[in-house]
Amino acid sequence: MTGSEFGKNFKIITFGESHGAGIGVVIDGIKPGLKISVKEIQKELDRRRPGQSRITTQRKEADAVEIISGIFEGKTLGSPICLLIRNQDYRSKDYNDIKKLFRPGHAGYTYLKKYGIRDYRGGGRSSGRETAARVAAGAIAKKELAKKHIKIIGYVKEIAGIKAEKFDEKEIEKNNVRCADKNAAKKMEQAIIDAIKKKDSVGGIVEVIVKGVPVGLGEPVFSKLDAELAKALMSIGAVKGFEIGKGFEIAKMKGSQANDEIRKVKGKVKFLSNNAGGILGGISNGDDIIMRIAVKPTSSISQKQKTLDKSLKNAFIETKGRHDPCICPRVVPVAEAMVALVLQDLIQTQKARKSK
Amino acid sequence: MTGSEFGKNFKIITFGESHGAGIGVVIDGIKPGLKISVKEIQKELDRRRPGQSRITTQRKEADAVEIISGIFEGKTLGSPICLLIRNQDYRSKDYNDIKKLFRPGHAGYTYLKKYGIRDYRGGGRSSGRETAARVAAGAIAKKELAKKHIKIIGYVKEIAGIKAEKFDEKEIEKNNVRCADKNAAKKMEQAIIDAIKKKDSVGGIVEVIVKGVPVGLGEPVFSKLDAELAKALMSIGAVKGFEIGKGFEIAKMKGSQANDEIRKVKGKVKFLSNNAGGILGGISNGDDIIMRIAVKPTSSISQKQKTLDKSLKNAFIETKGRHDPCICPRVVPVAEAMVALVLQDLIQTQKARKSK
Amino acid sequence: MTGSEFGKNFKIITFGESHGAGIGVVIDGIKPGLKISVKEIQKELDRRRPGQSRITTQRKEADAVEIISGIFEGKTLGSPICLLIRNQDYRSKDYNDIKKLFRPGHAGYTYLKKYGIRDYRGGGRSSGRETAARVAAGAIAKKELAKKHIKIIGYVKEIAGIKAEKFDEKEIEKNNVRCADKNAAKKMEQAIIDAIKKKDSVGGIVEVIVKGVPVGLGEPVFSKLDAELAKALMSIGAVKGFEIGKGFEIAKMKGSQANDEIRKVKGKVKFLSNNAGGILGGISNGDDIIMRIAVKPTSSISQKQKTLDKSLKNAFIETKGRHDPCICPRVVPVAEAMVALVLQDLIQTQKARKSK
Amino acid sequence: MTGSEFGKNFKIITFGESHGAGIGVVIDGIKPGLKISVKEIQKELDRRRPGQSRITTQRKEADAVEIISGIFEGKTLGSPICLLIRNQDYRSKDYNDIKKLFRPGHAGYTYLKKYGIRDYRGGGRSSGRETAARVAAGAIAKKELAKKHIKIIGYVKEIAGIKAEKFDEKEIEKNNVRCADKNAAKKMEQAIIDAIKKKDSVGGIVEVIVKGVPVGLGEPVFSKLDAELAKALMSIGAVKGFEIGKGFEIAKMKGSQANDEIRKVKGKVKFLSNNAGGILGGISNGDDIIMRIAVKPTSSISQKQKTLDKSLKNAFIETKGRHDPCICPRVVPVAEAMVALVLQDLIQTQKARKSK
């Protein structure tokens, strides 16, 4: 496993820098014969694309995906699928400052120390732009999961301390923040606009729910389903926490409260609560999988901040350029994609064991 | 990667069931020439061992480790090290009930559905007993890290809602709960004893701090340091949440508050705060790495609970046997071991890149 | 992948040195519910065991295998199986010479240079003794394959230039050299005895035939079936060449001779020849898989040879101790085991792709 | 490891079908800061390119490579390098026949059975065209090796039974067959032209020599240097055998002849012969690594052959299109690339162990 790979049997490797020729992904281990069109992949990419609303970065990128390999006459061949997205809007002028200065909260300093070289343009490899490749691959995983009636629903649960009070799935894609609560969505959008005015940014919490997962996914003892989901979601830039089911709240509960009792209801196994978030011993138990991630406020802000220049001398920076004041709405499709990749991979791993 | 493997260049594979012949671990990729003694490994195992105080399970296990391979005249050969711990105290009679019944909060149901077979004795492979193998391997990783002046400190930060108010490192191993706050420790222990009386259990929060980590560990974009730590710690049974730095709290902060500004102080690069928890862009930034995990209350409680029997009929269960009323104190050495394994692996991966 | 691992979905890791506490293997990714007994594993180990005839080393090792984990009430659990074989006959006195001297043809020099340390006793990790662990794991893979009617037949085809002129499967286990030709076997055994008298050793060729392989195994473009078989067999010490089907002979043929024409015969697809050795484009074609390996004469001989001592000064060595004058008969079960491991792994990998 | 991946620490994944949009490779784990230009990669690709002489296929492909990612201002970033080669000359009309018929010696039948679908155009994924991606990646590995003074020399040793009688390195790239013997080269070229006239094809033997390899590469017990080289070279289509050092000839030698004695000569460790081919116990011993592969005659011939159509009915085929009558000269750069990939990967793996 190198750092740009993810998965085992359904595996991806992403490539590309923010302002290079393009970004993309190779998917290997895919089931042959699956119908897949550019349109289906593009649809997911459009959910992540910059410039989709007044509260996202105004960088112009069509994010048009090209299928280079692995698909023949509209169907997967079983060979690696390469998806390529060309970069278009390189406004490298915007990045003259960051060529010389490290931006607080960004990876410029750590990349330079680790690799001894960095592509300073827009964050290079560390840019959130890389996640477009994940979303493209996730679109294919989602298609496979949909055939098995597994559905992944991501939404914004909290922004700037404003919480969604209800869950109305139909609302999610109707508002700019991807919140499942119409009223909360309005307040969240306003909070973001306020942050822009103050040259600041805000963070929040994204929840992902998975419905229809069969019992049995997850590979104890290390590749437990929750462990793999945690890795998948923590690998998204700006994510600082992960929890499943009751999460951190469970630390205050008693065993008699936390345990999900079990009953047979109308011939089906039913957990009377879902504090575990659908996972027992690292294996899906058939209930909904429910997880949340903490998303930090965007590091790029236009306020003056203390930093170092590339010769490690004290300096100040005011980050210009076009940035999202709150990354949460665009994290939603990325989080969904990562969850889809984990599930499809573990489904295939479970199949591998069941050789006859 | 199969489910019982962890790591890439410094890799382990654990084996063993709770009530089989024994449990153990094979470590491959180890540096040759490292001095290592049974005593050093045993010391860490003793911190995890059952029966170490009045608030841990009374199961009697010496957890005596034997070195089967890979060490010659006291030094590592570079070949795989196999460490074996024989099981001793199999009181299988205690488990007659769970042969027929699924225990709420346990993995019996999911294991049976996944594998079609289960070793019901003490949880079999899903037992916390497996973590002894992790601790044994972690002892070796810790030794390597110590030579590089990297120190891992785990402690209990919260139990049953009682929080440590201060951090006094020397206190940790002096009290039964491994809390870094003497006074809080007393209250925590009392809360655990109260839970025992009520046939109940309690959960808590464990924090792990790593000091001395060099800048540059972590493999973007998927094997980011925080992503790998999340996977490592979420793979411990009973852990339901992971956070780094400010964690979930950061969701409510503004960018201007959350960003760690940077200054050159006495010739050294210094972050003026550590909200990031020592990681930027998935790479260690040289500051302390600080992370927390949420530990659920032990699932095994002696209260009557609704469940199913193995033919999936409704039933009730009162779990007997000997169990920890609170797993947190024993999670501490396991969490430290997992962190050590991640760090040593990523150090070696970073070396691999630096070929001359 | 570290050096002691093999396989992906059906994976093994071996451990142990020739004169340490023991050797063994952990098998992960195994199908649950498979019946397996110590006896079945022991049977294969006995075919590889030293001291089985007058032409094998007289080292006394019962090679008794113990199942440490992964099997419960006679069936696989799906969790890792650890098999342990204790070392018994450590006659370390025999190895006083080789503590100071490098044996020509052996790995002492390269191990010391690679690892900076070596276990000189009997070759340590580089000893052929390690292959017992492979045979133990292979016994389990073979059991799985047998259920799918896949049969692996290894035999000695040539020793000291003496070739088997016919293939009589029933003969193989009846003679000391494991040759499928009774008459050739006698000559081969005599050639080995002659070599002993001359303080010398002889090599040969082992052929492995696999019957009943379904069409479709092998993972292009790198994990082609023939590529994986080549790696598997070349990883056995003393093997210096691998060929499939016509092998090196095909270099002299014309395309019109080499191509295997295809016909439908009695409703079945039939190749009119098998020059390809059952593999097309790296994928099994349903015909018998036929491969051969070149085995070098045992490096340990009692003649005086030029070498270096451990301080890299010129010296002479006459290797004493108990060695096989020809390793071929004992390579047979090892080669079969390696082939079984490859096939079972690729069967499971093929299953992984076929997720529904 | 999926089928299109190769390597561990220096890892590649290739993608692309013969007549799709393009082929390419992603390289991960690369050392940052390495200077690399399109020109250097193109130079190696030109050695493999179709249409380079009268004895190679006349398909017109510029094989112009584009760097998509991982290189910034002429230097590697340490992030994945994606190299893309667009397909140009799709004469799909040529492939109408093979849409309906399986070509003997080709992978059409096994691909269809394995994947349930096939891209029949020019062999799709099974086409030798995929090896262009290997050569592109190999060019980068070679550059790294050159800096360590490791040199890889591939050449044709035998075609149609005609053997090179001497080794004159300078001759290799001067003749159309890449033979190291000028006179033999002429005869080989004539044999190829004769084969064309007879609508037939010829095979041969390619030898690869590596000079300057340090002692210590190779990861026992499974990823031995010779085992990895065997896998690497056997994964090239048309290769049916691999041998190292004396190879199959060693089966007839005695131990006293086969062992390479060792002497200190002018202060350096010197093996008095190189029957082992530079590898002892799976680890490089510092001597030249010498290996050979058997290459089958091209399967595509214009003679009438028995085969099946896609409905598995008996049929005849005369393969048209443009094919190499002998693939050996173009296998040379591919074999060199594969050897380079193995060595660079193992160098990095060896570094990983040497953590301080």
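Observations on the model:
We just call them A, B, C and D in the order they show up, numbering each chain from 1.
Convention: a residue touches a chain if its C-beta (ideal position, glycine included) is under 8 Å from a C-beta of that chain, and two chains touch if they have at least 3 such contacts.
Remember, predicted model here, so these are calculated numbers, not experimental data.
Set side by side, the interfaces A-C and A-B show unequal numbers of C-beta pairs in contact, with more at A-B.
Most remote chain with respect to chain B, judged by CA-atom centres, is D. Distance from the chain A centre to the chain D centre is 39 Å, each centre being the mean of its Cα atoms.
If you average the Cα atoms of chain A and of chain B, the two centres end up 26 Å apart.
Computed centre separation for the pair chain A/chain C is 46 angstrom, with centres defined by C-alpha atoms. Multi-chain contact residues of chain A (touching two or more other chains): 2-5, 8-9, 14, 29, 32, 78-79, 114, 125, 220.
Contact topology of the protein chains: fully connected, every pair of chains touching. Contact residues of chain B toward chain D in the complex are 8-9, 29-32, 78-79, 144, 148, 220, 344, 347-349, 351-356. By the touch rule above, chain B contacts chain C in their complex via residues 2-5, 9, 11, 13-17, 20-24, 26, 28-29, 32-33, 66-70, 72, 75-82, 84, 114-119, 124-125. Touching chain D in their complex are the following residues of chain C: 1-6, 8, 14, 102, 104-107, 109-111, 113-114, 125-126, 130, 158, 160-161, 195, 200-205, 215-224, 226-232, 234-235, 237, 240-264, 269, 272, 276-277, 280-286, 294-301, 303, 305-308, 312-314, 350.
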